[in-house]
Each structure stands twice: as C-alpha cells, then as structure tokens.
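Below are two complexes that have chain A in common, paired first with chain B and then with chain C.
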Partner chain A sequence: MNFSYWMELIMSGVVTGACYALIGAGLSLIWGTLKMVNLAHGEFYMLGAYILWVSLTVGNMPLLIAIPIAAVSVVVIAALLHMATIRPLLRKPGWDMSPWILTLGIQILLQNIALQVWGELYQNVPYFWNAIFKPGNLFTISGQRIIILFGTFAVILLLMFIIKKTKLGRAIIATSQDGEFATMMGINTKRVYLVTYGISAMLAAIAGVLMCPVYSVNPWMGTTVQTKGLVVCILGGLGSVEGAIIAGIVMGIVESLTVSVVGSAWRDVAAYLLLIIILYVRPEGLFGRKREG
Partner chain B sequence: MKILMKDILERRSRIAGISSLVFFLALLILPFLLTNAYYLHVLILCMIYACITSAWNMIAGYAGVFSFGFQALFGIGAYVSALLSMRLGISPWISMWAGAVAAMAIGAVVAIPSLKLKLLPYICIATMCMGEIIRLAVANFTTLTRGEMGLTNIPKLFADGNRTAYYYLAVAMFVLILAVVVKIVNSPMGMSMQAMKDSQEASESLGINISRTKIRIYMIGAFMAGLVGAFYAHYICILTPTSALGSSLMTSYVAMSLIGGIGTIVGPVLGSFVITIALEVLRALADYRMIFYALLIIVTIIFLRAGIWGSVKEIFISRAERFKNRSKEQG
Partner chain C sequence: MLELRSINSFYGDVQILFDVSLEIKEGEIVTILGSNGAGKTSVIKSICNLLPIGSGEIYYEGQRIDKIPPYKLINLGISLVPEGRRLFPDMSVYDNLRLGGYPLKDKKTLSDNLEWVMELFPRLKERSKQLAGTLSGGEQQMCAIARGLMIRPRMIIFDEPSLGLAPVIVDQIFEILTQIVHENHSTILLVEQNAQTALEISDRGYVLENGHIVLEGASKELLESPEIQKAYLGL
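Let's look at the complex of A and B:
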C-alpha cells in the first residue's frame, strides 16, 4: 500500500475510464442530435474489436492498416443500419420510445450474427506495443496502456476540433439545438443525423480496437461497456460530450479503487451506485443544464 | 350525430367485452383440447410474460415511468419465495406472497431516487442501474443464493408437478392481474397517471401529487411482478441470477409491450403471446433463432410504429372518423 501501488491503481482506472469516455461521448453525441439512446452502441465496440482481430489473424495485415479498416468498416455498417432502420422512424410519432426497442433489436441481431460468424470462443489480440515503462521508478505502466491513453486523447481532441471549429461541427450543434430550425437555415439535417451516427460508431469502434488487447474479444464484450457508457453520459449530463469524458475518467478511477478495496465482484455495483447517488443529489447530472422534462 | 358516435363506442365496447370473454373461455377450455404437455408449458410461459408485461405497461405506458429495472422485482419475488420455502421450509403457497411483498418494498425503494428525474433516458438508465445492482448483489452473495450456480430443487406448488393445475393457477393469476390493471387504469388514479404522462407540470398544477402517485403505482406493479416471479420460481424450480434477473427478461417485456402496442390493455397481452409463441416456433431454426427474433422486433417496430394493437386501433379509429364525416355530409 505505497505510492506506486496507488499510482498504478489510478493509472489503470484512467485507462478504463478513457474507454468509457469514448463510448459515453459517442452516446452523448447521438442523444444531442438525434434525441435517441443508442442501445446498439456496445456492438460497434464489439465489431471494431472483431474486425481488427480478423484483419490481424486472418488477413495478416500490419496494425497500421488493420486499425483504419476496422474503424471504416464499422462506420459503413453503422451508416447502413442508420439508413435502413433509424431513418424511417426518425422524428415520427413515438420517437421517444421506438429507438429503445429498435436499437435493442439491433443489439440482439449484431450479437448473434457475431456469434454465428466468429463462434463463442474468446479470442485474444496481441498487445500493440510490448513494452513496460517505469517513469521515474515511481510506477509501472505497459506500452498498450500508454497507446490507449494517447490514442483516446488524440481522438477526443480531434472530435472537439470537428465539433467546435468546422462547418460540419456547427451544423451538428445547430441541429442539436433545434432540428426544424436548422432545416430552415439550409442545413441538410438528414445528412447531419447520418454523419453524427457514423462518428459516434467510429468512436466506439476505436475504443474497441484500443481495448481489445487488454480484454479478450467475444460477442458479448459490448454489453457491459455499453451500460457503463450510458451511465457515464448520464453522469456527465446527457448531450454534454465534455461531461461524458470527465465522468468516464472519474468512473474508471472509482471502479479501480473499488476493486482494490472491496473486490472485483463489486466493481460494477460501485459504478451504478455512484450514478444513483449523484442523480439523487443532482438530477440533471454533473455537468448537465437544467432542462424541462 | 352524437347518438351515432355513442352507438359506435357502445358497439366497440360490446365487441371488446365479447371477444375478451371468448379469449378467457378459450384459455379455460384449451387444456382439454391440447394433449401435449409442451403446449401447456408454452401457454403458461405466455401468461407469465403477459402478467409482467401488463404490470410494466401499467407503469410505463400509462404513467410514463419507464423502468428498465423491472426484471429485478420479478427476480426478487422469485428468490425471496424460493429461499423462504427452501431454507425455512415455509409452504410455497405462503412464501409466494412474502416474495410479492418483498418486491413491493424494494419497488418503493427503487422508485424514490427516480422520482426527481424528468427526462426519459435518465429514468430508464437509473432504473436499469438499480436492476443491475440487484442482479449483481444476488450473484455475489453466494452463501445465500449460490450465485451463478443457481438454486435448484425449489419446492413445487403441486406435489406431483401437475401441469394442468399449474395452468389453471396461471390463468387465475393472469385474469386477476389483468383485472386489477384495467381497474386501476380506469380509476381516478389511472386518470391522474395518464395526465402525469402527458405533462408533469400541468398535472401538478391541477393538484395531482406526482410523487405519491408514482410511488403508489410503482409499488402495485412491483407487487404483481414479485408474485409472478414467485410463481415462476415454483413452476420452473431452477433459478439463476441471469435467468430471473438478467437483461434478456428486460428485452422481453419491453419488446412485448412495444410490439403489442404500449399504453393499451390488449397490446402487451397480444405481444406476450405472439413473441413467446414465435420464440418457440423459431426453435426450429436452432442457431439462427435469435437472429430471426431480432429481425422480427426490428421489422415490426419499423412498419407498425404503434405496435400491432395500436395499429389495429388506428385503422378502426380512422374508419370511424370517416364514417362520422360521411354521415355529417349526408345529414
């Protein structure tokens, strides 16, 4: 129980938290523009990991090609799903409830397709970078975790840049503030919905790609991560991407502290309890604005 | 014209009364026609799902409190009743009620933190988390619940496991729960529930105590879920946290309500029967069963946005409307 022990705990919490942050940011982005909760989000994470595994083992591709392939194919799958299933229902009466069951259906569909195609064996992806570092002899950290940290950081910076600085980002913000008004201002909201869905699917796929060497690849890997992502984006205030990122890292740290103090069986319980306590104190989430119901 | 509308409404309610009578009579006669015990088992499952889905629909479809942790209350009822009858040797006929009361108490506890939440996803995810906490707690207290190993050899309600007896008990439970749901929905409390769903602010300004109504309706629903759960425990006689509290149960009741038609009485019952039977028929597809199940859900929700019953209703209402307009033109 010395400094390096705690430091390692916190670092591992930050790494898992970074993954939650990516998932949560994507879910928050979808909620912001489409006003729906995407329960198929964890499956994009799973698909990203599987496609990476296939291209590495079956295709024998180098890592730097396999990662973009995984990300792009998930975006394509997500875009097709969006056009086939979500677009016909978008903003129609019953939109408050229909996406829940629709995306739940997509979740079951993708999970079982993965099960049929790749089987139920847990697959392993080798570490991207087999190195162990001891910064200043204070604590140890593996190369994979460093890649996860920097990868997530880079992706989030890029996302922030796209949202804040580009024309597309302004279109996304305008659509999330008022879809109808954005259409009147000449924004192609249909395309914005599609692009937002694609971007958030890509965030999930990248999270899956980065995390799969640490956890193993299997058809059900997305479910827990997705629940955590939902918790994170509620915790950070729904629709707030920054809030989701901060909440993700906080939750990762809380989880790894719980594992060391109470035991790993109670890890998820701690995460969910954290949400319920915070919602009881602040019903709009940590960084959410007060909204009319 | 008014008389005409009244006539249509009256005829509709008469049709509804007659068809539900036919439905329940058919349920009573079926065991004499079906010799295969497997068919009876499927029908019992249908009714178990119809009970829990109707209870959920009362809370979600009428009061607008979308709880995604409702399966936990089913599981609490199942586990409490099973453990009481196994460890303390209490008769399952008595422990069932204890299970229902335990679920009701937990339901009240679960309802309180979600009262302040107004936005739909907050309620859904907060209740989903509560459900998961309860599932993980049951899975982790292995000394009491044996965790994922599950409880086996749970005492049966009928010593010889008589399927026909179970069937009639399920019918009784189903009719009772459905009657209570109908009664509540049509009571003053049901009216305030529906007002609350449409607008919390407006109903509050009309003097509806939102918190009290929510807690009350949640507790009633939880009691029903607990009772059904206890029946399930003493019928199947094997319980694991995944089967009794897992998210697949959540998927089922949400899918059944929405596919049948949420916010109606008939919809969830119809959805439960259709989906349970469809899942049994799809067993022929073996490995591809769940893929077809998922496609069924996706296609139904895309083409029948209001669910099966909701769409049927829409057709009838628009026809009645057309009829009304035509008679107006003529008059």
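Let's look at the complex of A and C:
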C-alpha cells in the first residue's frame, strides 16, 4: 500500500462517481422542475449503452457517429415517453403518487423490452481508447477512464453553462422555483418540462455510453445506478444540480475506498451509511435549501 | 380594452364565479372589491387562463383570449402582479427583474426597461444583488411591481398589492401606481380588500360577493354608497 495504490483507488472512485454525478444531476433537474422522482432514469442509462453497442456491432458505425446516435435516440425515446405518459398526468389530482407508479411501470417495461430484443447475455463494448498512462509514474490509468473523466467534465460544464447563462436556463430555474407563476412571465412551462426531461435523459445516456466499456451491457444495468443516483440526489440536496454532482463524486470515492479496505460486500453499506450520516447532520442535504416550518 | 362576458368558473365541481361580466376601458383604473373568498383572485386567474373558465367569453382589444395558453398573455402586453408577490425567492432582485422582461427579444429594450424600473424604485437598485426572498415585505412588493413593469405593459393586473403591508408602505405603493399610470397611460385592473385607498385612486369599481357582481359604478359614487360604507369602509 503505497501512494500510487491510493491514487488509483481514488481515481477509480472518481470515475464511478462521475457516472453517479451524471445520473444524479439528471434526477435533480427533473425533481427541481417537475417535482417528481423519475424511477425510469436508470433505463435511459441502459438504453444509451445498448444503442451504442448495437450501432457499433450491428451497424458497424464509427465511434464518433455511434455516440451521438445513442444520445439522440435516448432523448427522442424520453421525449415521446414524456409526452405520452407524464404530460397527461402533470399537476392533475394524484400527482403526489402517480409519477412513482408511472415511472416504475416504465422502468419494468423498458427493462423487459431490452430483455426481449437483446436477450439476457451480457454484451461487451471495447474500450474507446486502448492505452495505459502513467502520469509522472505516480499511478496508472486507462485511456477509457480518461475519456470518462473528460467526457463527464465537458458535459457537466455544458450543462452548467446552459443553466446559468442561457435564456433556457433562466426558464428552467424560474419554473423550478414557481412553475405556475413562471407561465405568467411568458415561459412555456410545458416545453420547459419536456426539455428538462430530455436533457436529463441525455445525461443518463451519456453516462451509459461512457461507462459501458468498463462494465458490461445488460438489461438490468440501470437498476444499480438508478438507486445510487437517487441517493446522490438526496445527498446533494433535492433539486440542487451542483449538489448532486459533488455528492456523486464523493460517493464514488467512498465506495472505492470501502471496497479495498473492508471488502466489496460493504460497498452499498458504506454508500447508505454515508447517506444516513449526512442526513442526520444536514437533513436538507449538502446543498439543499433549508425549508421553514 | 378588456371585457369579461358572463363568465362562470369552477374549482372542480364547485362553482366560484357566477355570470361575472366586467369591462375595462383603455387608460382606466378599475378596481374589484370584495372580502376574503369572494372570488377576486379567481376573476384574475380566469382572465389569465390559469383557471380555465367553464362558460362565457373574455375579450382583449376585440380578440378572444379565454382559450389561449397563459404564457402567451404577456406577449399581448398584459402583465400580472400576483397576490403574495410570487417572487422567485432564490434569485437575485436583478434576475427577478430580468425575468420580468423574459419575452423581450431586444437586449437594448431589456436594459432600458431595467434602468427605468430601477429609477422608479431606487431601493431595488441598492438591493439588486440580494436574493429576493430576503427582502422586506414592502421591498418585495416593489420588486413584484417592477418585475410586472419590465415589458412596459399596456395593461397591468394588480392582485392585492397592499396585503400584509404597513399603512405607510401601502400609501407609497399606491402613489407609485398612480404615477405609473399617468406617465405611461397604462390600463390597470386592481383587486383590493383595502376599499378606501383603492376607490380613491380608481375610476370605477365592481363589488364581488360570493362569486357574483353585486354592485358597480364610478368610484366616487361607490365611496358614498351606504352599502359600501357599511360593508367595506367600516363607517
């Protein structure tokens, strides 16, 4: 156990954490604007991975075409699902319960469609970049992990730019703070709901695309990241995108350290323990806003 | 300019507005009086289509508006300053104001209008970086009014601007309201519980009781009407 060992552990945690961050940020965005939990979020991650795999193996497409195809297809699927199922229920009586049942249904449906179409075999996607690096001889890192880190970083920067600097971002923030009144400012909130759902689905799809060479592609791959994404989302403070990103990376590092120090069986224990401890100290999450009363 | 023709509105199965008809001419200040639960805010929600009407028609400058989605109203030059301010609490004053100008396409108009509302409310200029949720009640109301003015609306709807404010601040706010009308020839629909002040600054008034219009007339006449004096002015 020397310095490079620990560096590698931390880097591996950051990579997993980047994936949690993308999932958690999407869940947080959806929570912030639509005020619902999207239980089908992990399925967008799974679909992103599958569509990439199909484009690469069946379609024989180059990577730089297959990646956008995967991301865009998932956005289209999510947008259609949103218009067909979420929009009709939005803000109708029973909205406190209906998204849970609806998105759980979508989760089961999409998983089983994937199972029917692609079968239960675990599929593999080759590394995007087959290289090993030893920065300053301190630790080793694979090309794929570097791509995951930079890919996530770029996507998060772009997301932050959209939220903080564009008119669409202002519309998203206004809608999340007061949806009804945002319409009176001339904001088409129905469209904001659709666009945020689409953006969130794209974040999940990109996570799936980036991570699938490291793990494998299978119909159930979305379930674990879904749960971890929710944990990260609560940890960071519901509705806080920055919170979810930071919490995601923290969670990845904690898991990675736990696996090597106490054993992989303790990975989820550590994750939920972290959640319990932080909620005990800060019930509103790391970056959540305190609610009065 | 704005005309409601016998509208009926419902919350679920419960009818809350019965055959409400009213008219506001260009350049007028019209006030709707009524006690709590009389249906004043429902009239406004019906106009804005936040509460779709069951029957009846609403016209704005001859155009029927009761079927158009709420977010398009602001493009017609109608602006709402809602009950309870409804500021975006986690945004700065500046961002709230800028959001008021959301439909403006032109950056120059946006910055001109920002400057204009900051001149009207110098206090907001001092606090422009502060989060809207941390302002005092009076400042929040000023911010809400300023936000409503950002598109230089031709018609402004004020829902209970005096609610929960100290009398001195109420006077200030009403003073600014009248000033705005005179400077911009805006048309104003004012919904108020504070009958005395509202009637003093308005041209005409309607009295709403249990979802019915029970009285209407020039504000001067209403101020002198025994029923109003008894029910709303406490005389």
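In this text, the second predicted complex is superposed on the first by the 291 of 293 C-alpha atoms of A that agree within 3 Å, B and C clash if a C-alpha of one lies under 4 Å from a C-alpha of the other, contacts with A are read in each partner's own complex, and residues count from 1 in each chain.
Criterion: a contact is a pair of C-beta atoms (placed from the backbone, for glycine too) under 8 Å apart; a residue touches a chain by one contact, two chains touch by 3 or more.
This one's a predicted model, so the numbers in the text were calculated from it and none came from an experiment.
In the superposition on chain A, contact is made by A:187 with chain C only, not with chain B. Contacts of A:167 after superposition on the shared chain: chain C is touched, whereas chain B is not.
In the superposed pair of complexes, A:257 makes contact with neither chain B nor chain C. Once the two complexes are overlaid on the shared chain, A:238 sits against chain B while remaining clear of chain C.
By the document's definition of touching, neither partner reaches A:72: not chain B, not chain C. In the superposition on chain A, A:265 makes contact with chain B only, while chain C stays out of contact range. In the superposition on chain A, A:108 makes contact with chain B only, while chain C stays out of contact range. A count of residues in chain A touched by chain B and by chain C gives the higher number to B. Those residues of chain A lying in contact with chain B across their complex are 31, 37, 85, 88-89, 92-94, 96-98, 100-102, 104-109, 111-113, 116, 223, 227, 230-231, 234, 238, 265-266, 268-269, 272-273, 275-276, 279-280, 283, 285, 291-293. Every residue of chain B that touches chain A in the complex is listed here, in rising order: 66, 113-114, 116-122, 124-126, 128-130, 132-133, 136-137, 139-140, 200-201, 247, 251, 254-255, 258-259, 262, 287-288, 290-291, 293-295, 297-298, 301-302, 305-306.
For chain A in complex with chain C, the residues that touch the partner chain are 167, 170-171, 173-174, 177-178, 180-181, 183-189, 289. Those residues of chain C lying in contact with chain A across their complex are 48, 50, 69-75, 80, 82, 86, 88-91, 95, 98-100, 102-103.
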